[in-house]
Amino acid sequence: MTAIETNSSGKVKMTARDVRVFYGDNEAIHGVDLDVIENEVIAFIGPSGCGKSTFLRCLNRMNDTIDICRVTGSIKMDGRDIYDPSLDVVQLRAQVGMVFQKPNPFPKSIYENIAYGPRLHGLASRKSELDDVVESSLRRAGLWNEVKDRLDQPGTGLSGGQQQRLCIARSIAVSPDVILMDEPCSALDPIATSIIEELIDELKQNFTIVIVTHNMQQAARVSDRTAFFHLGDLIEIGATNEVFTNPKNKRTEDYITGRYG
Amino acid sequence: MSNFSLIVLLLALMAIGYQLGMVRSRKVAAVNLQQKMHSRPHHYGMMVGLWAVIPAFFILVLWTLLSPGVINSMVAAQLPAEALAAEGMNADVIMRRISNLAANFGVVAEAEQWELAAAAYMQQLKSSSALLLTGLIAAIAGAGLFFSYKRIKPQLRARHQIERTIKAVLVICSTIAILTTIGIVLSMVGETIKFFTFVPPADFFFGTTWNPRFSTTGVSEGSLTGSQGSFGLLPLLSGTMLVAAIALLVAIPLGLMVAIYLAEYAPAKFRATAKPIIEVLAGIPTIVYGFFALVTVGPFLADLGASIGLTIRATSALTAGVVMGIMIIPFISSLSDDIITQVPKALRDASLGLGATKSETVRKVVLPAALPGIVGAVLLAASRAIGETMIVVLAAGNSPALTANPFEAVSTVTVTIVNQLTGDNDFASPQSLVAFALGLTLFVITLLLNVVALVIVRKYREQYE
Amino acid sequence: NRDTVQVAGSSTVLPFASIAAEEFGNNFAQFRTPVVGSGGSSGGLRQFCQGVGTNTIDIANSSRQIRPAEVAACKENGVNEIIEVKIGYDGIVFASRIDAGIFKLKPEHVFLAQAAQVPQNGKMVANPYTNWQQIDKSLPDQAILLAIPGSNHGTREVYEEKVIIDGCKTFAEVQAMPKAEQNNFCLAMRTDGSVIEIAGDYTETLARLQAQKNALGVFGLSFYEANRDRIKVATVSGVEPTVDNIIAGTYPVSRPLFFYVKGEHIGVIPGLKEFAEYFVSDAASGFGSPLEAAGLIPLDDDERAKILADIRAKKSL
Amino acid sequence: MNSEQASSAENPAPLSKTQRQVAASLGRRHRQEKLFKSIGLTAVIISLILVAILFINIFAKGVPAFWQSAITLDIYFDPEIIQISEKPVQQPDETENAFRQRYLEWQTEVGMVNFNRLILDGLYKVIPEASERQFRRDAARIVTSGERYALRDMVIENPAIIGQTKTVHLLTDANIDVWLKGNIDRDLPDSQQQLSPKVREWVATLSEQGIIENRFSFALFMNPDSRSSLASAGLAGAFMGSLYMMLVVIFLAVPMGVAAAIYLEEFAPKNKLTDLVEVNINNLAAVPSIVFGLLGASVFIGWFNLPMSAPVVGGLVLSLMTLPTVIIATRSTLKAIPPSIRQAALGLGASKMQAIFHHVLPLAVPGILTGAIIGVAQALGETAPLLLIGMKSFVAQIPSGPFEQSTALPVQIYLWQGNELRNFFEARTSAAIIVLLALMLSLNALAIWLRKKYEKRW
Amino acid sequence: MTAIETNSSGKVKMTARDVRVFYGDNEAIHGVDLDVIENEVIAFIGPSGCGKSTFLRCLNRMNDTIDICRVTGSIKMDGRDIYDPSLDVVQLRAQVGMVFQKPNPFPKSIYENIAYGPRLHGLASRKSELDDVVESSLRRAGLWNEVKDRLDQPGTGLSGGQQQRLCIARSIAVSPDVILMDEPCSALDPIATSIIEELIDELKQNFTIVIVTHNMQQAARVSDRTAFFHLGDLIEIGATNEVFTNPKNKRTEDYITGRYG
């Protein structure tokens, strides 16, 4: 069922083998094998409810926080099993950042929202350094101009799209190695979207990015490789232009051309 | 009919009104197809039910409050004047005898003839009053039911009426708290003023010794005339603050950590058992704590102090504070636990996703978000600590000394209030009246503290979403 | 409408009143057992003087006589008929733990133990005593720790009047002082923790003794009687505190106990008068009565007869 | 931690600069985490240990009080002694009042009988020596004085018993109980003993013969308080009083508090006035409880003419006292409920009232219940306010309704605490506390169960 | 500044005149005049944070629930001022339904989420009727197949896109006259999106729909008219094909062609 692309160039950053996720008795992911390669952008696409977010959350073990959720199989990062009990999930999550599907700013000021991570990890020793981190993160997420005069106002008082960008800014402020983005542009207009896409392009130089999107064009634009999920299975994975122009699987083709359903 | 059966009747009417209103609203809806009904059938039903009951209930209450007075004065007017004069008795006493007779209660053997007559008259009045009331209630309830029934139209905002009624009930409930406060202040002001006629306010508020003698005003033969002692508030106040502060120092960290552990770390089963068990601490009668402090904790602390070279009295502010702190743990732990549990998961996820540890998440995200509620819990605990008596009586040594040393014996305002109010003092003497002054002062002080707390909370409040 | 006699007041009288009430209820089937509340003499009289009516109490127990100010307050609220009933006496003893030393106290010993300042060689000096032996060689060699009744207790008055003041005035230095200052001087207490004021019951005093071996406490006679195996009593001025000694008047520290009946309620509240009469009857509180067994020191028969007559006559203050 | 370092050594994944910084901070942060968690666990354990200590303290003292020594005697209801007329029956033409009068007279007549003689006669059968003149006084002390009324009540209940012999268990005097339980040193000299040497001798033999033995003390649960016959004092009156009071509190303070909290948190305009109300309610929680007693006495008894010493009044006063607790607890939880829930409901066309009652309140249930649990626990243990409304009383009857005079469990505890007999200030108070705790837990059981049911994290 | 299209065909359902919205002292909407015509689909587009959601919330007075928010100007529906104090906002909100930008299911079962509204308004008298309403609403939102076996499970345990469709289903279950949809397809894949767009087309027969979207194609596909907001101003409003092919305003053109920013 799974289609693993073996001859990928570049170093493998993360590998998932036979990953299954259960919510209670319900199996949401049915044995997925997948590699994430360093410094690539990989896009997950697929119909709503097919398990993209679920799989994404496996990659930094955010599923641990859901009581009824159980993960089996192996996921490795740099060769280390991230489900190894001796592994430090905190470090894992610092290394593998995440932007959630629903924007979830802290009920703190905009400034504090961004500064939270750097402070936590001791990334800025002085106030001015922190100010710099905050400003540059907001700038890169394209939010600086809108909020620079109201940094001390609550992040929860922002518009939907602003909150989403705030969350992106917040997660890049700690410079993780891998960034998991769950539909980061869902609430954004084309312009803001293009800013984020530029950001992704820029981040790709140093980081690895996994992005979930339901926007085919976006997937085509930003990603190097694309994985297509369907009902908990990984149907197809390959170089983006390959997948989009010449899908191997019928279902992928149907989905991409919008004929599915 | 007795009030009880009247109430049952009203409830029955309410049920009937409810049904009628529902049926009628459905009919109206079926007729007026072009216009949508404003409210749901059960709203109309409830409205009719309420109209049937509420006015009638008010009448019932008024009648019950007023009718005894009316009947009494009617009976009193009938009493033979010469009999009254002959008895030379208090009119009140006679009326009570008559009503006892009328109620067939108590064995009043030597009842006079005219008394019996008056009692019979009273009985008659009572029964006719009851009849009248029943009629009136039935009429008013019927009218309420009928007119509200008639009023059912699509435009009628029945739900609004009901919600307004409910809101009125809510408002009344919150007024109770205000009325209580007013009552408390009123019940203390008069006696406080009386107290200040004995003791100048300055001596009371700024006095540094508390040593009222046993009440001696007006003792004729006793040799102790004249000395009423000193009524300095400060030692008591400092004692109160000291003990409450120690209690909070014990309870806040313990309670909060318990709450955090139960809400964030503990397995569900453990939490479900540990929480009610810890809540028992709030329900153990305070006298038990008092003796626990006196017999167990006090000597233990004294020994402990001795072993590290500190002199701690067996009965001290520390003993009382520690034990009181134990008692108020559940106030903080259980309430905070509920509030922490309410904080949305998305916030925790956001923090964990950034690589925060669980404790960092709790400290920096969850607790700030839960702060307003937690402060409420802490204030409640603090209030309890300030208002508590029995533990302090036994454990703090009941010795009103102006000291900031927690190892010394102290006394507190509440203890003194209880002691002075329930002791053997002359109740018209300053020794006893001072209780009211103390109560009022404490009231004002805690009020100010609460204002400060409110301001602080407002400043740090974080509203999520 | 109430058919139960309501009593409130002194906690010293409470046990006696409770027994009387219970016996009354058992012996008079036509009346209900009176309800006896506590709340201190002050609290009881306060409720008593709140007015006339079924929502006020009928009888106030008191371990002291009603004060003129209280009578005035009563009258203000329409309580004019206050019938005073003396029921007997209460003895107060000094006792220490059974394993502590034996005390043969004199009033001046107690004064010297508790005073803030004591006369020494014609001068007043801050209290230097920390051990009973320093006060008097006959006293045991143990640290001074006195558990006395709190300033809200009626016992305190008797204690101060009959022990402290008496002991204090034996000193020539004190007698030399102006009269007005004597009391203040005598009653000033040391604050170094050697004196503990007990606001609660005698059980609390007992608990203190259990926690602190050296403590010398003040108890009621009946409490001591019931706990003879744990505490031992001190003689005062050489007199042993016994019922006989107290009746004979040789033991100095005792006080009368009272209750006050609201005359206005007699005839309205069923059983009120009967209860009052029963309480002071020989059967209830005479020699060999249940109240005596409970530790009340009975009145002599003449006084009893006079009081009974007063009740019958509704003789009010 | 170590293995991780090892593995990162064998697998040299070059960490970025920030990730190195992160890794560097981790050691400290994990120590913090561990510390934090263990502090939490310690706090829980300390609290549980405290509960355990208090419980052990109470139970160790209190459990023995549930057993009391009783003597088994054959009582002959001697017609010689019990000379009474026929039990009256109501005649058809007789008024209620007249019959009551007649019945009372008969009861008084029965009351005149010296039932003590029956007991003494029974005693002489097991201790013949006791019938000797010089020992009669001692013999009279063996059975507690209240038991003669038990015999009287048997006769009033069923006059046909006269002439029969019945085997009954009678409670012995409280001092005998103390002595048998070993609470008083048996080796002490006579002068320090409460019992005379003769009585001690008898009791020793009787208990060897099994005629006096420790029986489960139903009296403790069935009888009201007693002062003249200490051994037969029980908790029934206080228990019922407390129960009635708590019912009033539960049905009054909890709904009212919740209602007030809803109004203040959800409806009241946010202005200075409501701030004042909020502060005021917080402040009310700090008012010493005795002050509520003052208020209750003047309002409920003085104005509303409610009876004194009655559980309704106690319940009302305690309700006022508990109200702030419930209000504060409820408000705190309401505050913590995310606004999106309210908005979702409002957006569907629910009125504010409906949004609150359908969505917000169910989520607030756990907090409300916690407030109720703590409030009830507090109210149940409170005595000071009862002092001024006449409920800190000696009441020798079991109340048959909330308007009857009664006392309350904590009051009973206080009264027994001050009793000079050690059975009371040691064992019985603890037994009473056990009963109080049991009542508290059973009153709260439903709330605890419901709370658990409604707790859901989302 | 405002561009009002006067010669619109059809009956005017809602009119907004000089609507200004303040968050505290901050003016988020600067005097907007706009008509919503019966049985049309009108799309609001504009960059993130320009005030689309804010304006949308004015139309059913959801802004009332934000403490610091204040609205001036007049908004009428069927000729009645909806800010008239005598108006029943509850009825208004029942008439003007809303799908929020962030999906906010009730913490109840999926069934209860949908059934709540119909129950509230008494739209189903029997259980079976209610079941029908629930099923048809879920079907129309394209969620039925995914959740039909788990109707009793919590709505909060759904995937992002599923939650969004749940909220759509929930709001159509009460059949409001006007439906306000704030980015209803932001978390949806193309197929689910097309289902919702079909739904909108279908709803249009009987209802009036106001939709906020940042997806130009979507706006072009579903809407009859389009309004472009920018920084709190309504810049342009007109027939959708007009606005997209021949925008009158430079900024509109820039935005639509993605040149803006």
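Here the chain labels run A, B, C, D and E in written order, and each chain numbers its own residues starting at 1.
One rule holds for everything that comes next: contacts are C-beta pairs under 8 Å (C-beta built on N, C-alpha and C of every residue); 3 or more make two chains touch, one makes a residue touch a chain.
Predicted model, so just to flag it, every value in this text is computed and none were measured.
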Touch-network distance, chain A to chain D, counted in steps
1
Measuring between Cα centroids, what's the chain most distant from chain E?
C
Centre-most chain [mean C-alpha coordinates]
B
Per the C-alpha centroid definition, the whole-Å distance linking chain C and chain D comes out as 31
Measuring from the mean C-alpha position of chain A to the mean C-alpha position of chain C, what distance in angstrom results?
82
If you average the Cα atoms of chain B and of chain C to get two centres, how far apart are those centres in Å?
35
If you average the Cα atoms of chain A and of chain E to get two centres, how far apart are those centres in Å?
29
For chain E, residue numbers touching 2 or more other chains are 90-91, 102, 120-121
Hunt down the residues of chain D that sit against at least two other chains at once, touch-wise.
22, 29-30, 33, 104, 339-340, 351, 363, 387-388, 417, 457-458
For chain B, residues contacting two or more additional chains
107, 159, 345, 355, 357, 360, 421-422, 463-465
What pairs of chains are touching here?
A-B, A-D, A-E, B-C, B-D, B-E, C-D, D-E
Using the touch rule from the top, collect the residues of chain D that touch chain C in their complex.
104, 107-108, 111, 145, 149, 184-185, 188, 191-194, 226-229, 297, 301-302, 305-309, 387-388, 390-397, 405, 415, 417-422, 425
Tell me, which parts of chain E touch chain A in their complex?
23, 26, 45-49, 51, 53-54, 101-103, 146, 150, 157-162, 165, 182-183, 186-195, 214, 216, 255, 258, 260-261
In the complex of these two chains, what residues of chain D are touching chain B?
22, 29-30, 32-33, 36-37, 39-44, 46-48, 50-51, 53-55, 57-58, 96-97, 101, 104, 255-257, 259-260, 262-264, 267-268, 275, 277-292, 294-295, 298-299, 320, 323-325, 327-329, 331-333, 335-340, 351, 353, 363, 366-367, 370-371, 373-374, 376-378, 380-381, 383-384, 387-388, 410, 413-414, 417, 433, 436-437, 440-441, 444, 448, 452, 455, 457-458
Give every residue of chain E touching chain B within the complex, in rising order.
88, 90-91, 120-122
Can you tell me which positions in chain E touch chain D when the two form their complex?
60, 62, 65, 67, 90-91, 93-95, 97-98, 100, 102, 104-107, 116-117, 120-121, 154, 156, 167, 170-171, 174, 176
